[in-house]
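So that you can tell them apart, the chains are marked A, B, C and D in the order they are listed, and the count of residues begins at 1 in each.
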Amino acid sequence: MDFAPSARALEYRNRVAEFIAAEIAPVEQVYAKQKQLPPEQWTVPPVVEALKQKARDSGLWNLFLPSPFAEATGQGPGLNNVDYAPCAELMGQYALAPEIFNCNAPDTGNAEVLLHYGSATQKQRWLEPLLQGNIRSAFCMTEPDVASSDATNMTATAVLDGDDVVINGQKWFSTGIGHPNCAFVIVMALTDPEADRHRRHSMVLVPMHTPGMDVKRMLSVFGMHDAPYGHGEVHFQNVRVPAANIIAGPGRGFEIAQGRLGPGRIHHCMRLIGLAERALSLALERSTTRTAFGKPLANLGGNRERIAEARIAINQARLHVLHTAWLLDNHGASGALSELSQIKASVPRMAQNVVDMAIQLHGAGGLTDDLPLAEAYTAARSLRLADGPDEVHLGVVSRIELAKHRHSQEPQHHDAT
Amino acid sequence: MDFAPSARALEYRNRVAEFIAAEIAPVEQVYAKQKQLPPEQWTVPPVVEALKQKARDSGLWNLFLPSPFAEATGQGPGLNNVDYAPCAELMGQYALAPEIFNCNAPDTGNAEVLLHYGSATQKQRWLEPLLQGNIRSAFCMTEPDVASSDATNMTATAVLDGDDVVINGQKWFSTGIGHPNCAFVIVMALTDPEADRHRRHSMVLVPMHTPGMDVKRMLSVFGMHDAPYGHGEVHFQNVRVPAANIIAGPGRGFEIAQGRLGPGRIHHCMRLIGLAERALSLALERSTTRTAFGKPLANLGGNRERIAEARIAINQARLHVLHTAWLLDNHGASGALSELSQIKASVPRMAQNVVDMAIQLHGAGGLTDDLPLAEAYTAARSLRLADGPDEVHLGVVSRIELAKHRHSQEPQHHDAT
Amino acid sequence: MDFAPSARALEYRNRVAEFIAAEIAPVEQVYAKQKQLPPEQWTVPPVVEALKQKARDSGLWNLFLPSPFAEATGQGPGLNNVDYAPCAELMGQYALAPEIFNCNAPDTGNAEVLLHYGSATQKQRWLEPLLQGNIRSAFCMTEPDVASSDATNMTATAVLDGDDVVINGQKWFSTGIGHPNCAFVIVMALTDPEADRHRRHSMVLVPMHTPGMDVKRMLSVFGMHDAPYGHGEVHFQNVRVPAANIIAGPGRGFEIAQGRLGPGRIHHCMRLIGLAERALSLALERSTTRTAFGKPLANLGGNRERIAEARIAINQARLHVLHTAWLLDNHGASGALSELSQIKASVPRMAQNVVDMAIQLHGAGGLTDDLPLAEAYTAARSLRLADGPDEVHLGVVSRIELAKHRHSQEPQHHDAT
Amino acid sequence: MDFAPSARALEYRNRVAEFIAAEIAPVEQVYAKQKQLPPEQWTVPPVVEALKQKARDSGLWNLFLPSPFAEATGQGPGLNNVDYAPCAELMGQYALAPEIFNCNAPDTGNAEVLLHYGSATQKQRWLEPLLQGNIRSAFCMTEPDVASSDATNMTATAVLDGDDVVINGQKWFSTGIGHPNCAFVIVMALTDPEADRHRRHSMVLVPMHTPGMDVKRMLSVFGMHDAPYGHGEVHFQNVRVPAANIIAGPGRGFEIAQGRLGPGRIHHCMRLIGLAERALSLALERSTTRTAFGKPLANLGGNRERIAEARIAINQARLHVLHTAWLLDNHGASGALSELSQIKASVPRMAQNVVDMAIQLHGAGGLTDDLPLAEAYTAARSLRLADGPDEVHLGVVSRIELAKHRHSQEPQHHDAT
């Protein structure tokens, strides 16, 4: 057992840290202005494209892409999850950082779908520009009218009609669909209601602005719109695309969704560690510089205990995420099934609590957008629902725990017979 | 001991309930549209003025105003705090309700300041239209640069200059200052830095748009602006008003602030009970109508326990608020000192938790403004800071507790000598 | 609504307080010595009988007995639940106090069973000496082998055989059965497995030492035996008593159990408020008299916040219990169904937390029997299981909540048709 | 970064697991009988000595002893902390296991003190039989009358008198002093009140039964005595031993105490992970085999969520402890200062909560000594106080956190000048 990061992990972590400190931290406020605008005015500030180019030139690009995809595409250094984790953590400290390094959701997940299941045409047409950072994408899964935590519930339809597939239905919380560069979405929809429960759905690649596809509105999350990405409500009315746009062919939607969500979930958790670290850092800054009742806040009431509890919670969560990453790297998704749900059910809550503490230390200012805390809170809170609510993940953990227990008891039962 | 509401309390409670169900609930969405607009476009929707008139005609107007002020002004039935509580609770269920009944903060607090300390001129010029609902007001207390939980910290200045008083400084979280009808503010500012610590500050009544007074921006709270009230950042630069605008004369600011905040705090808590009840009601609705994994949410995992815990927490908090109200009515603010801080430190957290639970049960939709939950969450969260952060109130409670303990030990010490 | 205690409540509360301060507090340590002895050596210290006589002579006897039973038996002042609550709270501060006032469980519950359902013979033979304090009793309900939170699960049998009833089975946690004066037990057992689910069981009065009845051992609770009461494991092997010992006749066990547990639960909660108050009082004493790192503990870290949180939690719980008592007094058990479960699910946890806090403030000494805290902790913790575990009571609360919600929705559904 | 245990760790872990399953689990009840006896009757059951011999013969002896002490003494395989952790975790599952492997507190800590600081004579006379398991020992540090969390507070005195040192004072919670084989204690006492604050105290080795040394009583912890080890209250009255018994010479007590507690704390935490695992295992067993309301407990209410939360909490705590062990191994105590306090402040609470959950699932039986849960609870609860209360460790963590923050800000301040 060795907790020392590899030389490679350390090198990339340090380079990302330097890049963020030198390039991203200073422009945080520029980007924040996007948040003030209504969705129809969202743009990509020039600084963003300049920084993307700089990150790319520095070799800090597509860091999320694991071997052998890195080799296959010639993109990114091919870090494994454990080595990527410290980089992703740092990116989690600034809302705009992931895009600068071309490591932002849902593009990373969509890229992995295309790498795993995409046709040569799809890869050339959509994956390549996505990995170049020339386009963005969205993922249309959640529906307003059904409990989307069970992917087999999806009611939007993708019906084959000759050489085409025709999509109807409503999706929402399609994150990233408001980005000016969003060029395509991947839609999960029902193709064959008679098939086996896990073979009914398909994933269809739909270019933005295909006729019949309508982004009705950007949903707010605690009043924020996560500009310039946004969470769209999208209606599909007889949206027709070639059947070749069905990724990996009809009926494989559930299979793809299962595979897609593992890395996405752990990436979210890695970034949340960074988010919580930044909140703690702001809390420390505030508690040492703000005075009340004649003392720095750090010396008032339970504030020091709260700081210590935050440090403990962050450290435990980070180790948990790193261990899960290591399991993914060494034993695959099936070897990390419980742990992926364990971190997904606990890390967002941890981050939510740490940010809430930091807000409280900041007083009213902590609630405003003068500080990144309210937005960070919203991000952490949302992730208690996105990609499966806490409760569903706790259910997975307990199911595995009960199965392990039954299994451990079996030899004894056997002995008894 | 008798937990039955008085006939009068019951009557007003029922009338308010009927009015809300018949008139306010149906127009909730109309008002909600204000929230989408930028501050400069905030208006008072016609329905609001119509409803105010209707509430007034129904005798459901200025219900907050206690005896003998009700008699003195001819406004409101003169309910005591215990009898007003159930009405205020109901008003807390709808963001627009308090204004309809002319019972919204900070106008109620400002009215009480003028009733207690205002000159005849001030009462005629400002209090009367305020109680008529013809104008609104704001309270400029919190400053961005000092820990405002200690009122003696205020650094804005109100310096006498001949017959005038000249105000300089910066305030923020001046709630209500964005309302189109806001006609005046009350500013807390430093007049005599040499005086005794509690005699240094004055409260000055400043008409809106007095030269030198500049509402720089509306602050967001978790991305929301609380339209059409808003939380303003206000700069005062050589703002000159007659010295007669100093309420009760120079140096009495701290004294007035102390008295002003007691009723304001309990009113907030009363409304938060209603807010939590509405969240629980939405949670119940969702948990019985939404199905996942083949069961209504109410039958999944720990959801029933969460519902029960919410019911317990709300009931305890309500009783706590009512008891505090009764102490206020029967023993005055000094007899309810600890309890006022007890509820202020605990009821917003309770409401925050219940709303968070209701959001979680609603999934992603709970985060949006399709439901009143995100806004309710923001309201509850803000009130853990507004009118004194939790920690300050816990400090008051423990200080009183320790003093009581020392006092209870004294006779024994005495015996021992 | 009136939170002032009645003159009668105040009078009895004060008299009980004086009696405890003058008579019981000083002998706490005498009684505590019983705790060191093995069960077979448990005795009633002479001081206890003397104090019982004194309490009786002072008219502080059977205070729990409500009207009209007080009148019928000529015992006790006939306080209602609201007026009894402050007395019971005070008794909860000292482990031996309830017995001194003849107000201890399970005798109070057994007395009520006999008052409600007992025959004239049973009343004369068993109830009278119980109310005189000449004998004690136990209640044999919980069984080790079934989930006893559902009373219909009981598997011990009480089979009619001619004029007799014959009992077989095993019970445990029969509290009070170790008391030297314990003269009878009431056993819940299965009489007719074919009857309707709620008509299968009977309650049988069995004199101690009836042949076939064997107290196998006293169970420890966190290593304590609650001397001289004890929690017995009792085996019944062909225990034969006259059929007339079946209380109210065969098949009424469930009905009696339901009625029996309501007052018992609220009495437990009343006493737990006192237990928590005593723990807080000890915490205050410790935090003002113990110094560490150069300061009294009260001025270190989060200790003041913990004191304030304890005060808030106790006050809320007390109001909750009083409100439930008032509902019981004014609307009967059926009008307090949810509230009885609400307090039973929350008050023991509150007390457990407050006592745990007080232990932590006391350091290692808090864990020993030099202080009443460890025993108090054990009492509170046990009551999260006794008379129904937290989870069962939360289930009751949510079931009622969901039913109320459905009911509240019905008129609207009706309107819609 | 590599989370795989070393081959050596795996081998020892498996051998310890097999030994425990084959030899210790079956005799748990034999040992438990000691707990029923009063201290004066405590013995070492013959099975214990037989098992110790067996463990020794199997090479599973003194596993705690790190290199190079293992080599120096020829005892134990010289595992580092990371490799020892899984073994210690397994030992934590059974109260008697640590002694069987000669790995129990406080002997391990005392052995390390003698290894680091002992004279040749002390090593031969006391360390050797200790490592052989022929004698046991105790550590007399905590005093009833002062806040012992600050070691400089100790008021017992160890005064030089010619060639002797004379000890006076009172100690308590001297764990292990009740063991029939306890042969010596190490006493922390004040030698030179005029010296620098950290040079005032000495550690003196005192053989049991030295005249003037009196074990007044065994303290109970929640009614339990932790037989046959016990927590003694010890009075020293003019206890005279040769000055050569002062370990490392006068005035080095504080220095030794600091070094002694690091490994002791992490060993406690390692064992608590095992304790929590065993509680979870019992909870799983109960929730799958006990039926209520027609379902296994696992399918009722929030029970599955509680199981999942326990799994998450244990896994996070284990990783935290392992990381701390790795820091100790690779960066020494000074490199693990914050982490040692982090785990000491959080792991006992985690264990307390998991055990409490397991008790609740077991109902009343969980409170008794029929199951190891009540004892486990007591162990976890005690460790929130032993070796420094939670609050002191949180204080250490926050102090380091604040110092790191100030340090991280310094370059920026520097830049600004």
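Note that in this section contacts are C-beta pairs under 8 Å (C-beta built on N, C-alpha and C of every residue); 3 or more make two chains touch, one makes a residue touch a chain.
Labels paired with UniProt names: A, B, C, D = Acyl-CoA dehydrogenase.
Remember, predicted model here, so these are calculated numbers, not experimental data.
Of all the chains, the one whose CA centre sits at the greatest distance from that of subunit B (Acyl-CoA dehydrogenase) is D. Note on subunit B (Acyl-CoA dehydrogenase) versus subunit D (Acyl-CoA dehydrogenase): their Cα superposition corresponds to a rotation of 180 degrees, in steps of 5. Between subunit B (Acyl-CoA dehydrogenase) and subunit D (Acyl-CoA dehydrogenase) the centroid-to-centroid distance comes to 52 Å (mean Cα coordinates, whole Å). Once the centre of each chain is set as its mean CA position, subunit A (Acyl-CoA dehydrogenase) and subunit B (Acyl-CoA dehydrogenase) turn out to be 38 Å apart. Centroids built from CA atoms put subunit D (Acyl-CoA dehydrogenase) at 42 Å from subunit A (Acyl-CoA dehydrogenase).
Subunit D (Acyl-CoA dehydrogenase) has residues 301-302, 304-305, 391, 394-395 in contact with two or more other chains.
Of all residues in subunit B (Acyl-CoA dehydrogenase), only 35, 142, 144, 147-150, 153, 172-173, 219-225, 231, 290-293, 297, 300-303, 359-360, 363-370, 374-375, 377-378, 381-382, 384-386, 389-391, 394-395 touch subunit A (Acyl-CoA dehydrogenase) in the complex they form.
The touching residues of subunit A (Acyl-CoA dehydrogenase), when paired with subunit D (Acyl-CoA dehydrogenase) in their complex, are 1-6, 9, 82-83, 280-281, 284-285, 287-288, 298, 304-305, 307-309, 311-312, 315-317, 319-320, 322-323, 326-327, 330, 338-339, 342, 345-346, 391, 393-395, 397-399, 401-402, 405-406, 409.
Here subunit B (Acyl-CoA dehydrogenase) touches subunit D (Acyl-CoA dehydrogenase) in the complex through residues 301-302, 304-306, going by the rule given at the top.
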